[in-house]
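I've put the structures underneath this note.
You will see chain A twice below: alongside chain B first, and alongside chain C after that.
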Partner chain A sequence: MRRSAGLRHFLLSWLEPLSGVVALAVGWQIASMVAANPTLVPPLQTIWGALVDLAHGDLVNDIVASLFHLAGGFGTGAILGLLLALLCARFELVAAVIDPIAEFLRPISAIAWIPIAILLFGVGQGVPMFLIFYASLFPIFVNALDGIRRVDPTLVRAAEMLGASRRLVVTHIVLPAALPAVFAGARLSLGVGWVAMVAGELVGADTGLGYRIEYFQEFFSMEGVMATIVVIGIIGYLLDALLRLLQSSLLRWSPAHGGSR
Partner chain B sequence: MSPAMRIGLPFAVVAIVLVAWEIAVRASHTQGLVPLPSGVVHSALALTEDGTLFSALGSSLERVVIGFAIAAAIGIPIGLAIGTVPVLDRTLRPVLDGLRGVAPIAWIPMAILWLGVRGDAALFVVAYAAVFPFILNTSEAARRIPRSLFHAAESLGAGRLLLIRSVVLPGALPFVFTGARIAMAFAWGSIIAAELAIGIKVQTARRAVAGIGQLMVDTLYVRRDVDALVLYMIVIGIVSFLIDSGLRRAQARLMPWTQR
Partner chain C sequence: MDAAMSKPIIRLDAVSKTFQAPRGGGMVEALREISLDVRPGEFLSIIGPSGCGKSTLLSLVAGFLSPSAGEILFEGKPITGPAPERGVMFQDYALFPWRTVIGNIEFGPFARGVGRRARRDKAGELAELVGLKGFEDRYPHELSGGMRQRCALARLLANEPKVWLMDEPLAAVDLQTRIILQDELLRLWGDGVESADRPTVVFVTHGIDEAVLLADRVVVLARRPGRIKAVIDIDLPRPRAPLRSVPEVARIVDQLWSVIRDEAAMAIAEEGN
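Coming up: the complex of A and B.
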């Protein structure tokens, strides 16, 4: 009895999400039949064919290029954001200088930088990388600073009393305590960075998944556009899932891994 | 740090940076390549005088508001449905997460094909970007309503509709409003992206309705005016700041019992 209940539960846990995906696919297929125009709404088998073609051709290069942009931009943005947050928390003067600049730049979205980025870096890898860097800088900076300022001062004092050096305090107390907030910021900025990346590649690069959409559009291959959209959706979903997994496994000790925007 | 310094220092820092910038650009003779602070002021005066900036801003904002309204009309019901019916949540969640993973701007070619370049394609991108914050926050809000409220209303004989109208909606409202704030920020960001992408597409054809994104493309490729580009960026920043602080204030006033 119990065994069949477990099996039923297992089957349901797979069937339910699957049925949503199937419903979406069926809906799309019906729409494509109604439209009766393979350019307007490419039927699923055509999209699948384009996906297979893409997988035999440039797909791997595109994904690698996009992930390279993402890693470069996100990495530099996260490191700079974290460093600035540490400096701002430590020196009041630095905070007084950085804060107004950050508050001024923050409302200007990464997207708004696209024309200037094209002008500065030319069409190429520089544009998406810079956009991702810019998009990830502020969420990480703001959240990290918030997290660092909320570190329990008694912990720091206790460590200092026990003879911990400044460096030890930072690496063993301040950073771990601020980690949940930093992670919340990282997830936010990866989401924003992903969007900025596709936009940047679409208008200002010659590699990556965003560029591939632009490329297919030039040739009016809408099934190619749709295939690329599917790939972008899957990778975007996987990235967020990966970060969520990392968050819950690294921060298992933390009562609330929340943060603020 | 004294209060006077706390207020004065940021201004002093910004002023020093701007002056140093101006001197550096003039000294290196890179005007026209690198934006010049005085040039930005100059183009601000010129562009506000002939009204280009305001009409572009107006047509962009109009699309943002319409796209935002569409997103709310679609997103809030979906959010309420998956927040109150667990089966729907389990079936639809992966689809929604997958769709959310697609950057809205990636839909541009399809949107242009479906709706045309005239502005409706940008509208699609805006609504797509703004719908997910509505869905996520509304469903989260509906889920957080204490079960006891449901049971109390049900035991007093409330039907499903009454339950939604008088328990779910008021309880969820503050959360939904936070979602609306995020959605608005997304909408404003993506209208610029959409207009940029569309503007680059149809650069040659003269456009009837040009938003601020198209104006930027024009400035970048036709007039090559760096100072105006920086001005547009600052305007974009000011608008998003005004939108966000306005919505925050509205939230504090309409729903004083909420913290955020």
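Coming up: the complex of A and C.
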């Protein structure tokens, strides 16, 4: 009984999301058949062919380049965001200075900075990295600061009573208590960072998946563009899945995240 | 009567505490001119109606708050902040949710720089002592209320504090668990065992029977502002656990109740408004 229920649950958990993908693919195929200009909506087998070509060509280099941009931009953005949040939570004065700047910059899309980024860094690694950095800085900063400010003051008192120094309170009480919020921010940051990366590579770089889209566009290869877009979607999904995995293993103690054993 | 002669371990000298009420309210006088000597090794209970400042009093002795007026001395020296020699058990346990039972118990020794091996061994022993053997690797959210309280007690014991400050530690557990934990608390404190290094307990509760059963002296606070209304010696023999159903206990509870009844009635009337 239990086993078959488990199997059903497993199948459903895969079939449900898969059914949406299948519906999308069928819709695309129909559109390609009725479209006046099939080059604009290439059928699936053409996209698949382009994907295979891509895999035999520069795909690995493109992915490595993109992940390198992401690591540099997201890494610095996440670390700076977290540090700024700690400083703002600790020092009222820092918060008073940083808060208005952050609130002003936050609604400005990273994409708006492309012209300035190209002027500053030239076409190359710098533009996508800067854009990813800019996009990922704010979600993690805002979430981490909120998480740190919500730390239960009784836990801080308990640690102090047990003999913890101020530094130990930060590293062993405040940071772990704020970790769920930091993770929520990191996932948002990674998402918007990935979006900003494609935009930055599209116009400001000569490597990466975004650059590959631009390359195919110049040859008017819509199937090449579509194949690259599919790859971008899959890797973006996998990166979030990776972060979710890390989240549930690090937050095993939290009933809201890791769940009970 | 040695204890009464010796120097107090904690001395409150005309201690007052005034708060700024939240959201632009005026000043609230939580405690007014509290003077009290706590004797080394005694079990002192503090009772009083809600809003009488019992928890504030405990926070002052813990060093989480500082008095608005007056002075609090620990072993003759003013209290400047929280310290491991004055361990606190919080009403809502205040366990670290990201640390396991062992991780919580060993936090005090860890914070004071005790080596990994020594603090692990000690934490393991304490887990067994409070009845958490087999649950060492559980996280707090996987424990029952009673087990969380045992874990909080073991965490407090790990630092071997001279004073146990307990803020309604058994208020959130069910009646059976409370009775069991009262007995275990007495046992761990050293009830009925005369010893020079027995810890001093300041136990805040709203249960009169609990206060009488556990304590050597009961301090009754009056409210708004919190003042000492009476200090009553509980002349019952120790160990206390077997006295749970003795008529003498009920008589003292009645006597105490008559002292605080008017206050309690006033508290209810005010909250009703």
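Here is the rule we go by: the second predicted complex is superposed on the first by the 231 of 261 C-alpha atoms of A that agree within 3 Å, B and C clash if a C-alpha of one lies under 4 Å from a C-alpha of the other, contacts with A are read in each partner's own complex, and residues count from 1 in each chain.
In the analysis below, a residue touches a chain if its C-beta (ideal position, glycine included) is under 8 Å from a C-beta of that chain, and two chains touch if they have at least 3 such contacts.
Being a predicted model, the structure only gives us computed values, none of them experimental.
By the document's definition of touching, of the two partners only chain C reaches A:L168; chain B does not.
Once chain A of one complex is fitted onto chain A of the other, the partner contacts of A:L86 are absent, as it touches neither chain B nor chain C.
After overlaying the two complexes on the shared chain, residue contacts for A:I101 are found with chain B alone; chain C is out of touch. Set against each other, chain B and chain C differ in how many residues of chain A they touch, and the higher count belongs to B. Applying the stated contact rule after C-alpha superposition, one finds that A:A159 touches chain C and leaves chain B untouched. Touching chain A in their complex are the following residues of chain C: 62-64, 81-84, 86-88, 90, 92, 94, 96-100, 107-108, 111-112, 139-142, 155, 159. Within the complex formed with chain C, the residues of chain A that make contact are 152, 154-155, 157-165, 168, 172-173, 176-177, 179, 252-255, 260-261. For chain A in complex with chain B, the touching residues are 16-17, 19-21, 23-24, 39-40, 92-93, 96-97, 99-101, 104-105, 107-116, 118-119, 194-195, 197-199, 202-203, 210, 213, 216-217, 222, 225-226, 228-229, 232-240.
Chain B meets chain A in the complex at residues 1, 5-6, 9-11, 13-14, 17, 35, 87, 90-95, 97-110, 113-114, 129, 188-190, 192-193, 196-197, 200, 216-217, 219-220, 226, 229-230, 232-234, 236-238, 240-241, 244.
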